[in-house]
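Both of the next two complexes hold subunit A, though its partner changes from subunit B to subunit C.
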Partner chain A sequence: MSRKAVKPLSYSALIIFLFLIPLFVTSPYHLHIFIMAGIGVMLACSLRLIFNSGQFSMAHGGMMSIGAYTSALLVMKLGLSTWAALGVGAAAAAVLALLVGYPLVRLKGVYFALGTVFLEEIIKLIAQQWTDLTGGVVGLTGVPKPDPIVIPGLLNIDFTSKVDFYYFALVLVLLALLILYAIERSRINQIFLSIKQSESLAESVGVNTAKFKVLAFTMGCFFAGLAGAFYSQFMTVVMPSSFGFVYTVYVIVYMVVGGEKKFYGPIIGAVILIFLPESVRFLKEYQPFVFAAVLMLVIFFLPEGMVSLPQRLKMFFRERRKHA
Partner chain B sequence: MLEIKGLTKRFGGLVAIDGLDMTINQGEIVGIIGPNGAGKTTLFNLITGFLRPTKGEILFEKRDITGHKPHRMAAQGIIRTFQATNLFPDFTVQENIVAACHLKPKVGIWEAMLHTPGSRKKREYALSRAEEILEFTGLDTRKDQPAEELSSGWRRTLSVAIALAANPRLLMLDEPVTTLDPERVAFIMNLVSRVRESGVTVAVIEHNMKAIMDYCDRIVVLAFGKKIAEGSTEEVRQNKDVIAAYLGV
Partner chain C sequence: MDSATLLQSIVNGLMAGCIYILVATGLALLLSVMGIVQLAHGEIYMLGGYLTYYFCDIAGLHYLLALLIAMVLIGGLGILIEKAFFRPFRHGDLAPTVILSLGLMLLLQTSAVVTFGGYTKVLTTPFPGIINIAGVILSQERLILILITAVFVGGLFFLLYKTEVGRTMRAVSQDMNAALLLGISVDRVSSFAMFLGCALAAVAGGLMGAVFSLSPFMGGFALMKGIAVIVLGGMGSITGAVIGGLIIGLIDGIVPPLLSVEMASTIGFLVIILILLFRPQGIKGQPSR
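Take a look at the complex of A and B:
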């Protein structure tokens, strides 16, 4: 079989495997981790989209909270359907990104990153202080779970078990990845990458760089908002501290450890860095050390992330053969 | 084709361009020379929109384009290269050129993301244009090489090729051959003449006097932000002010 034919086959096999997981992972606790990994994947991949345009956003947690609060409040105060709220939550993050994007993208490099840090802090402070609307530090509790999907006689998904949420998350993440992959393969991504490499050159050949940088930021934040909206319905609690600066840094670490050069880098990074610390739960308070150790090992030995491991190994063995 | 009237650019107390008047005519290769700090690159930055003038106006084909953003200048057909060779280093040679075909055919955001047949056709058209430019510039043998691995001569060639891909009507080259060996200088300057023959007007800043004298139809000499001389290569060569500016006497 040719290599070209193997790829789609192995992807379909992987997706079928993911759909079968609840058959052998039955504990709600483990399914919970799978679902959190899905959220991590969506955040890290959408962060990479922004990063592709040469911008380092540190507002991803903030954008996630915009999606979470917007969708939760729309359902709780206005009685909107949870499914519509999911989309509106994502759109709210995108609209905010579009509005603040134009002034923000005037800042270059590290200044842009700093600008997004302030944006994230502002969002958090508003969530903490606007007690009447957001519930302040305590946040919103009793956020409704997704409305049941009922097809009489066939299907009745009421989201009372983690398995239902697992499938919800899986479909959502796969859809998000499909869209992100379509963007990745388009000429839009080539424009993002050209801006990342040389903004002045891109500008000189006619690219409206401000517009495309805002576009990348907006699209990336859309998926952060979507992840947040899902999170609110899954956890049923939304607090300012759920999406703090530390969470943003975690998402950045997922992307960096996985490797931002490849599309699947952040996916690998998020999955490994979410499952690995969980698998060493017996270490208790030393658990974060595992996370830090992985990060440091990758930075020292695989500066381009885990996706560069096969290539590195190949080079390593070739060198050894030469010396032998 | 391009007309500049009373153009002035101040950086704080420093006057980089001081009430400059000049024109660039359709179809010519005009050389812009002058000692370091004369304001040549600043002039390019003003014409291509990378800087906003303090005063004065720039007319391109009788239309006022003063203060437009660089991408709008590019859309009019004013394309520049950069002094410090500016490439997309991670892209291959071919990808560099395809990326520069952004305006023609113009990339539509939605159609590109939805991968519509229209966007596929545009991509194919961009690829075929890139192929032509690769052949025209002699880069076709290196098209799959990453740009950062090219020798300095080929890098300069590629930066001209990138500018060509953006469909220039006025091509502005900022030191295209400075520090290159004579063979490579002749190669790139011949390329520039062929570009002119295809109907593109060229303005070139250069310190390599042989290249300027051999290939330019007309020369404009700047010193301290002012035009001190203008004319054919012969006229400029014998101009006393030019000799004084260069020798400092």
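Take a look at the complex of A and C:
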């Protein structure tokens, strides 16, 4: 078999394996964590798109709330189909990102990061106060689950079990990753990376940096909105505190600790860091220590993220062999 | 709103502003001298409050003495944290310091939950009296809080602008490499900045614990306000942090009786975003290079 054929084959094997997971994992609780990991993957990867253009956005949680509230309200108040609401929720986050993007990209570096913190806080505060619409601090409860998919005699998915949601999440995340990967391999991403490396240099060769930065921000926020809309249908509850500042910081952690230089870095980061706290549940209130320790070890010893571990190990052993 | 309520809200606003200033000056110092955004600063503030509580209510020391001891101890903790965690990341990328300080935040918060318990504690008010000025009733402790803050902020300004140490700190914040060339020990200056920042946050925590209550999760609020203040005032500017703290504090004091606490925060953040759009570097900040 040629080397070229190995990659697509292993990817297909991985995807088939993911589709088979509900056969091995039957407990609803564990499937729930798998689904949350899927949401984390989508958020971390879409945040990386914004990051690629040199912007440190801390508004991802806020954009997720926009998606969640928009889709939930459209279904609950206007009776829209849940599938349409999913798209509109994502689009709402993208439109908001487009509107606030132009003024926000005027801010550079740390200022942009902190400006997006305030954007997120304002979204949260509005959700808390507009009680008539959003239900205030309590939030929205009883958000409808996705409409059933029925093909008579063939298929009847009514989203009553976690398995249905698992497949829904899996398809959604794979689609999102496919689109994000296409963007990653496109010319646009080259422009994003050039802005990240040197904004003034990119400008000097005729790149409209503001336009492309807003584009990256908008596209990234679209997927955050999508994740939020899915979340609202999955959890059937949306609260202003669901996706706060700390939630956003966790998404940044998935991305950076996984390794933001590689496309699959945030995927690995999100999956490992979402499963890690669950695997040490027996530690009870000491549980966050493990998480904190992993973060610090990675930052100190693997500055390129978890994905650089194999390479690091290879280098380490080569060094040892040389000295031996 | 009658004039008595107005005056009371102004005093409340000044008090909130004082807490914000104490937290924000520390954040601003760390940002200018070391170039890091310390997300665990709120937890430092929380620990300061708890230490004051233990020395005052449990050990039975006088409140002011307890505050002073907490301040020195937390400042020392700050030096350790600087040496152990932040030193290699000085003036580097934003991402690693965000991750690192999140780890630190979890570490300190979890330690607090484990040792102090998750429920809230109340510091016994050291100055329970009230003062009646022409029909306006003001609590003594809030006025003393404002006084203590004024003393500390005055001391900080004296230190920064009138002493040799302050001058080296300002030199490092202007240009770390040039300061290194001039033989300034950036390591020592960073340690000192961390000591000062953490000590001020501890004072804020101790003062806040006497007015309201203590909980292991009180840091998030202080961090958010601190960030708001330094962004408004201009990143890394101490004068800006004082002005910004007063503005945000007064908004938080005067708006709630008229509308609501949440409205006050919303208005505060909107004001900041508006100011940033016209002056992206904040009130007293230097344009970013």
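Here, the second predicted complex is superposed on the first by the 324 of 324 C-alpha atoms of A that agree within 3 Å, B and C clash if a C-alpha of one lies under 4 Å from a C-alpha of the other, contacts with A are read in each partner's own complex, and residues count from 1 in each chain.
Just so we're on the same page, a contact is a pair of C-beta atoms (placed from the backbone, for glycine too) under 8 Å apart; a residue touches a chain by one contact, two chains touch by 3 or more.
Please read these numbers as outputs of a predicted model, since none were measured by experiment.
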item: Fit or clash - subunit C, subunit B, common subunit A; value: fit
item: Which of subunit B and subunit C A:Pro28 touches, first, second, both or neither; value: neither
item: Subunit B versus subunit C as contact partner of A:Glu203, first or second or both or neither; value: first
item: C-alpha centroid angle, subunit C to subunit B via subunit A, nearest 10°; value: 80
item: Partner chain(s) touched by A:Pro148 [first = subunit B, second = subunit C, both, neither]; value: neither
item: Contacts of A:Val246 with subunit B and subunit C, given as first, second, both or neither; value: second
item: Superposition-derived comparison: subunit B or subunit C, residues of subunit A touched; value: C
item: Contacts of A:Leu193 with subunit B and subunit C, given as first, second, both or neither; value: first
item: Minimum Cα separation, subunit C to subunit B, after superposition on A (Å); value: 13
item: Residues of subunit A defined as touching subunit B within the complex; value: 182-183, 185-188, 190-191, 193-194, 197-198, 200-209, 215
item: List of subunit A residues in touch with subunit C within their complex; value: 56, 103, 106-111, 113-115, 117-119, 121-122, 125-126, 128-129, 245-246, 249, 252-253, 256-257, 260, 285-289, 291-293, 295-296, 298-300, 303
item: Touching residues on subunit C, where the partner in the complex is subunit A; value: 31, 37, 39, 85, 88, 94-96, 98-100, 102-104, 106-107, 109-110, 113-114, 220, 224, 227-228, 231, 235, 260, 262-263, 265-266, 269-270, 272-273, 276-277, 280-282, 288
item: Touch list for subunit B against partner subunit A, complex; value: 48, 50, 69-71, 74-75, 79-82, 86-91, 95, 98-100, 102-103, 107, 109, 112-115, 119, 122-123, 126, 162-163, 165-166
